[in-house]
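Chain lettering (A, B, C, D and E) follows the sequence in which the chains are written, and residue indices restart at 1 in each chain.
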């Protein structure tokens, strides 16, 4: 039986990697992927707890998080496309029309 | 035959949301049949939807009391809206109401109060949008449908007492807003704003979800009341994992309300989004997030000693940064963004006061938060409405210079602008003053004198930048003599906002009662 | 034992591919590694006796979302991006901060595990063992206890659909 | 009529507001209508306030003409009006100066007349409300409300640096008043949090611990000190006064500044701690600030090049007297202070009118632009002289009564303070006469001044009432003292209870102080009246 | 109870007549013809004179013990309750009340009498001036103020008159307001007076807080009831403060500087205000308050010393002046010093006596000089006069009488009063007697220097003026004549006992100025008649010596004064330049700036021209500048600085808003980190 803390550490690692991705990458699409990683980390937590508690509530929560991740990805990619049409770039640090 | 899944009698609890969703879908369907110049019909449909929903909502308490006594939620007393306005006594402090759907939602005064704000804001923004979106040439049915869906999300945020419902409500609202913010697809600033909003919003949702997952892990439940009970029972107030959960959840929610240091999306998105959506984001999204925040903080109350100072710090930082940055802005929408950040600071001060009492919550503070949010919705929408008025072919109207000589061009608009600015700054006899008044009173009651001093002193720089708008509108010469024209819808929206802004300032009694009943407070 | 092997294997793969996701220059590569990471996570789910979620993860994520990603990458593919800097200017600060965040959180978990005796770490393993293959339970929860979220999710997906369409369609 | 009698204060309060509402509906094009209507309501506001003079019972304790109505029951705020002797005088001053300054705008304001009169009347209501409110909440609302019209009066109709001056005025005053709001809330909360009623709360304040009172005092202090303005908070005033249009300056100096002193009298004094140490410290600080203000304001006046600025700084000096009178906490000081407030309204108001008259003719306020105006404008010279004298405290004019009584009250407490105060009197003569000399005496050197018109009928109408009042107060100030006797007594009893208790019986009671009305003792000696040798007490007739 | 006699009951009308005249002038004067103006104004003063005379007549008719009459019209400043420093609570009241006792009777008569004559004279003198009505309006206003001053029954009302006369003086000195020097002089007078007034005001306040009353009739009882010791410091303080007021008004050291400059005013003004009446107000006031002074011997000594010093100091300055009016001005200061000397030695009656006689002859001298100036078309420099004795006979002869009177030649008025003062001084302070004695000689000298230079010797009149010399009109000569008579016989009512008289004047004033409070009873003892005779002889001798010296120097050896001046150039210059007092005042305050100014440039003009010559002005101005600087740079500066800092802070805050998503996300993470870090603090 693997202690739940191991799952927590695993999820934390994915979470932090996702955060690093968001913070450092210039490509918007990869940033979006990093966010997917973060949500994935959340899911690991939820499922691990679900097993720990012996109930499926956590899994259901995770299911909704996956739904949300999908929705965000869809909308996000849509906006990226719209953005790309106008600006011919997907680099985050070239989005600086709005500042100060 | 009763459904195996749920009791049909519970349906009225989500009827307002369901109606909105149905109207949203209806708009999507009708829209396909409409010619370009008939698109206003979508707005009308949306308004009707909002109207229906509002009626249902207003009638809901009485209906529930009549039909659901003895039903699952019957243990809570609830009073009709009329009773709320009249000021009848409430039975229970805290959050009484009708729980439904296995305890995932709670239909109570709190929900009704906040939903009314959302619906009002939605209606106002719809009224303000028609012409604006026509000028932008992006007048689609989806726009209104999304607004209705966003409202659905917000209402679930307010009624949800379950992490999952809240999360989904939040996301429904947020995703709708990402789209709405980027609705002007050919406008580069709109694209950029939407993309920033989405990336940061999704990121913060991730952080929030992470917090939710930890919280779920700690308490083995998604129900806020259970969570609260477990936290109170099994955890020390300063348990580190509870704190971790709080911090991540708070970061997510502070992001949504645009509190420092999670505020940075706000100016950019406000500037980039269509002005009507800016108004909507600044009012509805913020109010809904506060509703959610209040619900969740209530669950975290057992460990409040841990996070109270954090919230206070965020409040002061928000006021400071918001006010400082607004001073030198030249773009009205950005200025309003920063101003809204400082307003968040005030409301958070109210939150601090609310949780600063030994036992229970401070009634004045809760009332203050409710009142503040209520009047903020109207005065801020009103202020944006003026900016929307300035929009015309070839002029966005969101620079300070665009206000120049507004007084000469349209005295009425200038007077309204003045009233809204006064109210935002908190000068009596406008509603904004009353909002601040309650907050300050609560702070004094809970002995947060220095926070109160901070709060009042920040009124001064705030007034300064609000009056920069007034100065441009009143004391400078117009660059062009074009008079902004006002459509009927805009006129209605302006009249409503100014009526509430002044009315709640001069005769605040009914509004104060309404605010107290948001938390079912006796007084 | 098998549990442990599976966990460490999938966990290792997940972390490794996650690292590769954020370090690859080419977005397509990143996407591929993201799929790997998601599949590895699916493995973890399976190891946690969440077989429904395992399937959902594979079908929805690896199958649906990732296709979308790849599609968009292809759509906006910029060869120039390959020659540009991967990381922005704040990378080192960001890495340090993220590391600090990770360290602190890890410490929090560790601390809670060993010192504070949080109830969550007190749950006996026996309870965990009880969880049987549970797709039916999931469905029951989904349509009974969490019926409302399920309904809300439909609105959410509708919004996402509208959003994707509105944003991506070319003509007004 | 009954309604009128029972709601006289409301009537007085809302007459100007009614005027401004009516003006809203007068179309912008009909220019004269605005002036006529504005003036009509300005005067009407004064006229409806006249019954107060007849009905007000001097010497009756407490507030009179009280009106109460529910307003915001949930927070305990009521619509509660009432006046005592002090506020009565200030109300009358406000209505009079209001009417006069509106009249003075007749030809001075050519731009956006409609708004001007609307705002002015609005301002009038705000000021009256401050003086009449007996509810803290209401008070605060009025206090802030009147900032807005003033902002516009300065900002729209002011001179060159009006934008800066307007916002400076607003921000300064606001900064003070928000802190006061906290003070109000603290009192409200500490007193039970059920009512904002001023008399109730002020009674409750008496039982607060001293440390709290000290804090509350300082919270209120900033609002009032900025408004007055006291020494280090005065810099908004020269700018605002200088940039404001004439009528604005008149009202600003004549009435708005009095809100600060009124606040001190009404709210700050009851907040003085009872402990001797603490209150002594506060009082010393206040008096020293006042004295610095007196001397400092006067000194700064000396070198001003701009007439209006000079007069503005003279306000700092004069108001220093007023605050000094308040904080010596003697009946004489207090009543002197109120009278000096009235006087300052009259004299400085008139001085601003005079500058306005010159400005209207020459469109400059630089002293160096003038000189020798006595020749073309002899009547103006006479009026100006009288007003100057009244301002510098010439006996038989109003200024003297106030200054003397204040100095007297101060002298009772500290001779040093009074001595410094007299320095202000000397300097006052210097700068005002020097100004007069530079403007009026000598030969006309600037050809532009050669054919200036003398006063016209309207200008007479604005100035003569003030001159008449100046004489009246100077010669027969007794009615004023009678109005003040009771409220001042009450204040001193509260704020300085030792004053009446500490009457030592050590010195033999002298038959010196006639409390009897003087009319009864016309003949102290003389004729065949009982011999009154110089070596015997002259009070035989008493 | 018999009804109060009419005139006594209506003493309050005495000041009101001129006030009515003044009001009429101010309101309607411009439209009235000159004749009407003179009729109204001179008439009003005459009516006052009539009422005053009537009242005095009725007062004299009373029993000497009862010669105190008070008429209170109404309460003026019923300021309310107060505490005396002794702690008793009293109700402070100041009345509109008038008091007629021997002292005010004398003053009222002198003021109305001399005032009337001068008004009469002014009809002729001012006949050709512009602003005729204004002049008379001011004059009437002055009469009102002066009469209020002398008739007031309390200190505060006295102060009303006190300030009033100061104001009128300001207005009348500055009558020729087109002349800058006149306007400056007026302002200087007013402001110097204000300095004195401040002292006076404080004196009043101290009186009231000490005694609890400001009514003159109540002061003595209050003193008695207060059990004050003689020489009590508080009484000395009162006395000195009041005396500060007196030095301002009566041009004593060191506040006399305004009076010579005040000669810028029209000559009748100089006669009325700066010789006969206003400047004597200080003397009157001190006499009025003699009860306090008698209890404060130290203060009296100060008064005496200041008086004596002023007397000789001013006299010496008068020796070398060439402007006819300036000589008289310094003479006035000197004579006022005499009066204060008298008061200082406790001879209050003598002081008032000299006040009266001085009013006669000094008014005459001024009016005479006015007549001379009138005849010479405005020439005031004595070096351009001479040999006018026959050309303007009436003026010359009356002037001569006055000169004899002031020189103290018996039996003219000046002799008696001056002699009484010197006698009393000798009794008390022999050292001061020497000063007084020398002053008497100097007085005689400079008066006859003036007479000789003006009326005798060779004519040095400019040619174009020569033709126009003419005697003044009747309205001017008649008052001259009357005053001459008064100067001659005016002193006889004070004919001293040592010369066989009864000193009726002294006895008349006795009830007011009697040493009541024990202490100083011995001074009434007096000295042997022979000693008195000797003193008289000596003083007459020195007067005669002075006259002869003047004759010798200015008629016979006319070149000698120049030589003398040349042989002691420093001394001459010192005296001629009035001991450089104005310059010293300037130097103390102004010259530092001048030095700076010559090296630094521009500075200078602003400072010297600024507030006129008044030295204190410099200090004031510098402080004023500093204050302004303080205001702009420190007080306002701080506020603006704060505003600017806030403004500046705005930029870094905005800079964080880089527009870059990664940056924003970084801040979010930073926020979370800070939150987490807070836990560490919290746990500790």
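Quick notes on this one:
Please note the rule applied: contacts are C-beta pairs under 8 Å (C-beta built on N, C-alpha and C of every residue); 3 or more make two chains touch, one makes a residue touch a chain.
Just so it is clear, the structure is predicted and the values come from calculations on it, not from any experiment.
Taking the definition of touch as given, a chain qualifies here only if it contacts chain A and chain C alike; those chains are B, E. Once CA atoms are averaged chain by chain and compared with the all-protein CA average, the nearest chain turns out to be D. Here A-E and B-D are compared, and the pair linked by more C-beta contacts is B-D. Among the remaining chains, E is positioned farthest from chain B, on the basis of C-alpha centroids.
Relative to the C-alpha centre of chain D, the farthest chain centre belongs to C.
Chain B and chain C have centres, each the mean of its CA atoms, that are 31 Å apart. Chain C and chain E have centres, each the mean of its CA atoms, that are 102 Å apart. Our note on geometry: chain D versus chain E, Cα centroid distance of 35 Å, whole angstroms.
Centre to centre, using the average C-alpha position, chain A and chain B are separated by 26 Å.
Residue numbers of chain C whose C-beta contacts span two or more other chains: 88, 90, 94, 97-98, 101, 105, 108-109, 120, 145-146, 149, 153, 156, 159-160, 163, 165-167. Among all residues of chain B, those that touch two or more other chains are 164, 168, 171, 175, 178-179, 182, 185, 195-196, 199, 203, 207, 217, 220, 240, 243-244, 267-268.
Within chain E, the positions touching two or more other chains are listed as 654, 657, 659-663, 665-666, 669-670, 672, 676. Listed by label, the pairs of touching chains are A-B, A-C, A-E, B-C, B-D, B-E, C-E, D-E.
Against chain B, in their complex, chain E makes its touches with residues 646-647, 649-651, 653-654, 656-657, 659, 661, 663-665, 667-668, 670-672, 674-676, 678-679, 682-683.
By the touch criterion given at the top, residues 1-10, 12-21, 23-27, 29-30, 32-34, 36-37, 40, 43-44, 47-57, 59-60, 62-64, 66-75, 77-82, 84-85, 89-93 of chain A touch chain C in their complex. Considering their complex, residues 195-196, 199-200, 203-204, 207, 238, 240, 243-244, 247-248, 250-251, 254-255, 260-262, 264-265, 267-268, 306, 309-310, 313, 321, 324-329, 461 of chain B touch chain E.
The part of chain A that touches chain E in the complex is made up of residues 19, 22-26, 28, 31, 92-93, 95-100.
Put simply, chain E touches chain C in their complex at residues 660, 662-663, 666, 669-670, 672-673, 676-677.
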